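Labels run A, B, C, D and E following the written order; every chain starts at residue 1.
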Amino acid sequence: MQEVKNRALALLKDGTVKRVLGWRIGENTYDPEPAFFESEEDMQTFVYNNFCAANLSKYMIEASKLEGKTLVCLKPCDSYSFNQLLSEHRVDREKTYIIGVGCKGKLSIENVKRAGVKGILSVNDTDPLQVETLYGNTEVSYKAAMLDRCHVCKGKEHVVYDELIGESEDTSTADRFAQVQMIEAMSPAEKFAFFQKELSKCIRCNACRNVCPACSCRKCVFDSDKFDSAQKANVDSFEEKMFHIIRAFHVAGRCTDCGECSRVCPQGIPLHLFNRKFIKDINTLYGEYQAGADAEARGPLTSFTADDAEPSVVAEGGTK
Amino acid sequence: MNAKEQVQQISGVNPYKCMKCGKCSATCPAYEEMDIKPHQFVSYVQSGNIEALAACKSMWKCLSCFACVERCPRDVQPGRILDAARQIVVRQRGGNYLTAEEIPPLVDEDLPQQLLVSAYRRYKR
Amino acid sequence: MKKIAISNLPKLYAAIAKAQSLILPVKTAGKTNFSLWTEACDVDLQTLKTVKSAKDAFFPQSETLYHCHRDGKNITITPEDLQSESFVVFGIKGCDVRGIAVLDKVFLAEPVDSFYAARRCHGTIVSLACGAPEESCFCKVFGIDCAEPEGDVVTWLTEDYLYWKPVTEKGEKLTALVADLLEDSDDAAVTAQKEAIGKIVEKLPYAALSLEGWNGEALNEKFNSPLWETLYKPCLACGTCTFVCPTCQCYDIKDYNTGNGVQRYRCWDSCMYSDFTMMAHGNNRTSQLQRFRQRFMHKLVYFPANNDGMYSCVGCGRCVDKCPSHLNIVKVIKAFGKEGK
Amino acid sequence: MQRIGVFVCHCGSNIAATVDVKKVAEMARLEPGVVFADDYQYMCSEAGQAKIGAAIKEYNLTGLVVCSCSPRMHEATFRKCAERYGLNPYMVEIANIREHCSWIHKDMEEATQKAVILARAAIAKVNLNAPLQAGESRVTKRALVIGGGIAGIQTALDIADAGYEVDIVEKTPSIGGRMSQLDKTFPTLDCSACILTPKMVDAAGHEKIKIYTYSEVEKVSGFVGDFTVDIRKKARSVDEAKCTGCGVCQEKCPSKKTPSEFNRGLNNRSAIYTPFAQAIPNVPVIDREACIKFKTGKCGVCEKVCQAGAINYAQEDEIITEKYGAIVVATGFDTIKLDKYDEYAYSQSKDVITSLELERIMNAAGPTKGHLERLSDGKAPKEIVFVQCVGSRCSDERGKPYCSKICCMYTAKHAMLIRDKYPDVNVTVFYIDVRTPGKNFDEFYRRAVEEYGVNYIKGQVGKVAPQPDGSLLVQGSDLIDNKQIKIKADMVVLATAIEPNQGVRNIATMLTASIDTNNFLTEAHPKLRPVESPTAGVFLSGVCQGPKDIPETVSQAGAAAVKVIGLLAKDKLTTNPCTAQADELLCNGCSNCAKVCPYGAITYETRQVNDHGIREDRRIAVVNKALCQGCGACTVTCPSGAMDLQGFSNRQLIAEVDAICR
Amino acid sequence: MSVNQEFRPKIVAFCCNWCSYAGADLAGSSRLSYPADVKIIRVPCSCRVNPMFILRAFEKGADGVILCGCHPGDCHYSTGNYYARRRMTLLFSMLDFMGVENGRTRVEWVSAAEGVKFSTVMNDFVEKIRSLGENVRLGDLRCKK
């Protein structure tokens, strides 16, 4: 979107910001990479298209340590992550200039491939997507190519910004908790089989952890010897469970459900299910809570009420 | 299983919870009719004297009003003990239960209503 | 040249598996990876690239080296047995076969890695030609012919048949084992497929990638380039690229506390991780820039410099597909290419 | 690597009878780090401790594991022992093989096996122990007593006499408590007011005692030696400094329809009132719920008649914040509600009363001026039935499972007093057991039977049925004669069970003092520390801890005072060194730990750290060691594990888990 | 599921120092027996128990893990057990979600005065774990060798 680029360039030129955090055009339309721009010349490769899915808020942790202001482009859902980081003192609002960029659902080249398209040579980001391939040309509908997370969109509002550019749209088409409910309805054996199968694919590349704005520990427990818990590869299937349960637990009440974990998993493990299960439980048991909606709010795991549900009651399916 | 355990099992009562306060006997409307008194039901079970209990007249005088059960401060429930003894006696008699059709002609106008109600209550299982 | 009807493939798998264990692409929960064949598994030869490469078959992501068992004050040490039984890896693509050749350079050179060597000795490679190369493929750049891969047996998959050509002694042995199921065939279908593949390979977007200047002599100039500063920035420091790579061979050795002793095992490590080669005094690469640079310098400069020009990249394109930030080796090669001009 | 010594205690036969102590020592010797293991008859004895000392010297031990009774019993003993022999006291861990093993298991092999594992876990922990240094905190030399009954008054007097400041907080408008409602006291039959009033006066006049009546504790923070308490002084609407206590306002007050709390609702009081004539302070309060001025704005009679100009309708609640070194809970009791006991017809008939109500009726200052009469018609009763154990010793939810302890004696007292004053009245007492342990107690009871002719019947009352003629038909059992008896009574007195005061649960929560299922406060040890709560700096006095009569209450009050004096006599307390600590290299500075800290012990500072050569300014959590009590809430909130608890570190607890699961 | 009498489960009980550990002591001094399968780890407060400890226990071969703390409202540290309650509720719910039986984990509030309850709870929990049998879904096989 040219307007974002122009505005960012103007702010960079007039010295309001020292650098711009956005996306750099890749080899093709579909592979833009997160990037910092510091000069007008550099800004020539700036791009903001519908494939710019990456949540840039986590990069602001490092950027907050740099001198001068950083302009960051945040989509509505990214702004929740930024707010959450703000509440945890991980980013510096004073050093951030936020352009809330419009978003009408982001695309995933994986989903284009999932639709059966092979050998993609070029693709555009309009509806429907026009795809040129080694094996002929084809079309894929925008909705089908949209990231799974966009089907349960958090809405078009930015929760924190300095200025807004571009229109946003609530793209939700599905119930956010439908998948969770589907699994909850399974028998223990089915549940176990489902997760065993999914998690058996895990290669412990840590992409989910490293992309996660809530997993922003300087040193992860799974990398440190604090709990005698350092792990590098799954040797036993227990370790996959341990890693994913604890990771989800550590972000419980802090996860904004940005969906980056599932987006980046090379093995396509639906990691968001863990987070969403916690969110669903939190909503049911302790009242609706959206992490990052309010930077001043107290999270559900750092607060309580005297009459919270007992674990034994919850185990029986109750809520009080 | 001996008779004492049988009574305990049927009634679900632990006779050793009794503190011998006598409130059951104080509260019983059929007390005067009874040869063995409600508080004694408990001590008979404690001492294992089920034979005497099963032979007592009280068994057929108890109205099953359950006042003793309601008011027992220790949850010993003498009424249930007697009830259990009655069950044992009935079981010994074998299949002499009445069928539903046989009951109406046998109903005596003078029988207290409470007795009928208590019979239903008792045999509802 | 032999062939077998597609419909008979399950019989082929079963016949091989009866004699030795069979590893081949299996689809689990939507993703295809090399895995042990079982009657119930979902064999998937259609997916061009398994998520992880086939290197697991010879260099597993984690493997036990030995056990220490403590009983009172006594400690017994039991080394893990080496591979002693034959096995077959079926359906490896040309790039992954070359990947194994790269690993050989590391693990079979002195001192020989006995665990790896035992597996190589007992493993038979049945490779499979790529019917439909994809946009991220650039194996041609490294001189690999995906239409006629290397291996003990080479196979081609057409609509109706799997064509089967034993190449080595091991391959002949395997062919003899399943001779009953194979029928003789001419080369016509295979020749036609090779030609078609060749044409597609020419059209691949990265077909013309140039590796000019990527050699030991360019070491200092490349190492000190300011380009790395920009290139590394989006890197999340995850290990996706290294774990899907057919040639990455770094591993860590760790101890697992079993309660009554220790199980020493090795597992893949990633040079992208901040604790890679962590030592008592700290880390010899302290920034992500250094770690990022290391990976590409190793693949394109250090490794060829030490191995007669053999690159430690086979152009499989998995990192191109899988990087969460859309970084990859092609972008790096191209960035330096532009600079050169 | 530690050099650990393991010491297995026989505890006479307490442990050795079910656990093969030799085997435990033998197995312990095989564990990593253990260089010495032995067993002994009584490890806590002088000789046992000397054995430990000798082993420390001989084997150059760096850590100890004592396999013995609960650490709650002797951890401190063995820590002191270690210190005496030059070892850091926190290098000691206890494996509880008595309470958690030998006492609950019968099979020797099974118990031994478990003891071995418990020892193993303790050894695994000690392997990771590090020497800890206890810090110091100051002691505020002032005590707070919650409750102004006899227990509170006595505690306060004893503390004050030792020279320390004491504040009493009393919820009602006057101190005095339950005892002020009693007529006579057993077994001497002294007049209750005659012995209580002087104590009340002493307390009020004592220069070290400050009394906050009509006040409640609102908030408690801090810890032993340094509590901060908010006291809500409710608006009295009467200026305490100006009021002369003349009583004219109460006389003239037109609103006189409020049931008197002091007289248990048997008669009414005015809206402006003092609970009783000897009230201290003798300053009335205005009950704003009942006062016409407050309800309608019109009236103001009291203001007009008050010569001293003490009435102040505009007065507001006041919050007083004060620091204390120790807190004594003396919140007392009430009788239980009888609404679930229909059979006694308490709510149907005015002539069925509780014993406490009878106290008021018998009292010369009570609603009947001390005449024994029926509240329904004012007639003198001729036949009185007392029922014991009403709601006491009851296993269902209608009553209380415990014995209320005082009822046997006060019933004997009532029966005796009635027979003495009204010889024509028949008195019958239905009892289950008569319990009279105490000096001169049984003699007192026997006098009631033998000299005063009180008719004691072993049995219970099943039903009290009010009759049309106004009498009460009491149906009870006589278990000795094995008969059911019916008595036509004029009055029935119920020995109602007592329970801790309603507000005690709230107070216990504020003090983090534990409470049992019956709402009695738990003592630190039922035998050895009966007046201390498990929460350091909180002490118990009177019935809030369990049913007691007056002499027992007074002695416990004195004991609590001694404990308080012992604490206040110290200038400094050593603090628990098992506190949280943040690893600056792992801390994210996210503030989540501070959110769960109940003591506000965590703050943040920005400082430069050197993270493996990378120097940068980071926001880091800092724990105030004096405030931290070591609960560990922060450690779990911290995802990176930067926050850890000394003495119960992540690695230590994991080592224990591993050792048990091995 | 049939009850295997031979099966002796490994059970880890985390008990807070102020209430439940004292409750266990009281059970001991009252000679209220419960199976020796239960091994107690003393923690200052239920809020000290990290979900990692619980998973660790299962990893290393535990068949059941129980966490005991002061009754809500009675925490020695005022609020610790409230946090523990939320944490454990969520953790157990997640274990259930993943099909690893939530009957293997439990939270019970046991006061210092509830020796009887402590013993009853432990008897009951051991019975439950015996009926569930050995934990196979949450352990690390390497620890079983």
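Assume contacts are C-beta pairs under 8 Å (C-beta built on N, C-alpha and C of every residue); 3 or more make two chains touch, one makes a residue touch a chain.
Keep in mind the model is a prediction, meaning the values are calculated, not measured.
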| item | value |
| --- | --- |
| Touching both chain A and chain C (chains) | D, E |
Remaining chains grouped by touching, chain D not included: A, C, E | B
| item | value |
| --- | --- |
| From chain C, the most remote chain by mean C-alpha position | B |
| Chain whose Cα centroid lies nearest the overall Cα centroid | E |
| Two chains joined by the most C-beta pairs in contact, as defined above | D-E |
| Computed distance of Cα centres, chain D from chain A, in Å | 53 |
| Euclidean distance of C-alpha centroids - chain B vs chain C, Å | 82 |
| Centroid spacing, where centroids are CA-atom means, of chain A and chain B in whole angstrom | 70 |
| Set of chain C residues in contact with two or more other chains | 256-257, 259 |
| Multi-chain contact residues (two or more partners), chain A | 219, 221, 227-228, 235, 301-302 |
| Set of chain E residues in contact with two or more other chains | 50-52, 56, 60-61, 73, 79, 83, 87, 142-143 |
| Touching pairs - complete list by chain label | A-C, A-D, A-E, B-D, C-D, C-E, D-E |
| Parts of chain D lying in touch with chain C, wherever the complex brings them together | 30, 612-614, 658, 661-662 |
| Touch list for chain E against partner chain C, complex | 60-61, 142-143, 145 |
| Of chain D, residues touching chain B in the complex | 343, 389, 393-396, 398-399, 430, 432-433, 458-463, 475-479, 482, 484 |
| Touch list for chain C against partner chain D, complex | 72-73, 257, 259-260, 282-283, 286 |
| Of chain D, residues touching chain E in the complex | 70-73, 96, 98-101, 103-107, 110-111, 113-114, 117-118, 121, 505, 508-509, 512, 514-517, 522, 534-535, 578, 596, 598, 629-633, 635-637, 645, 648, 650, 653-654, 656-658, 660-662 |
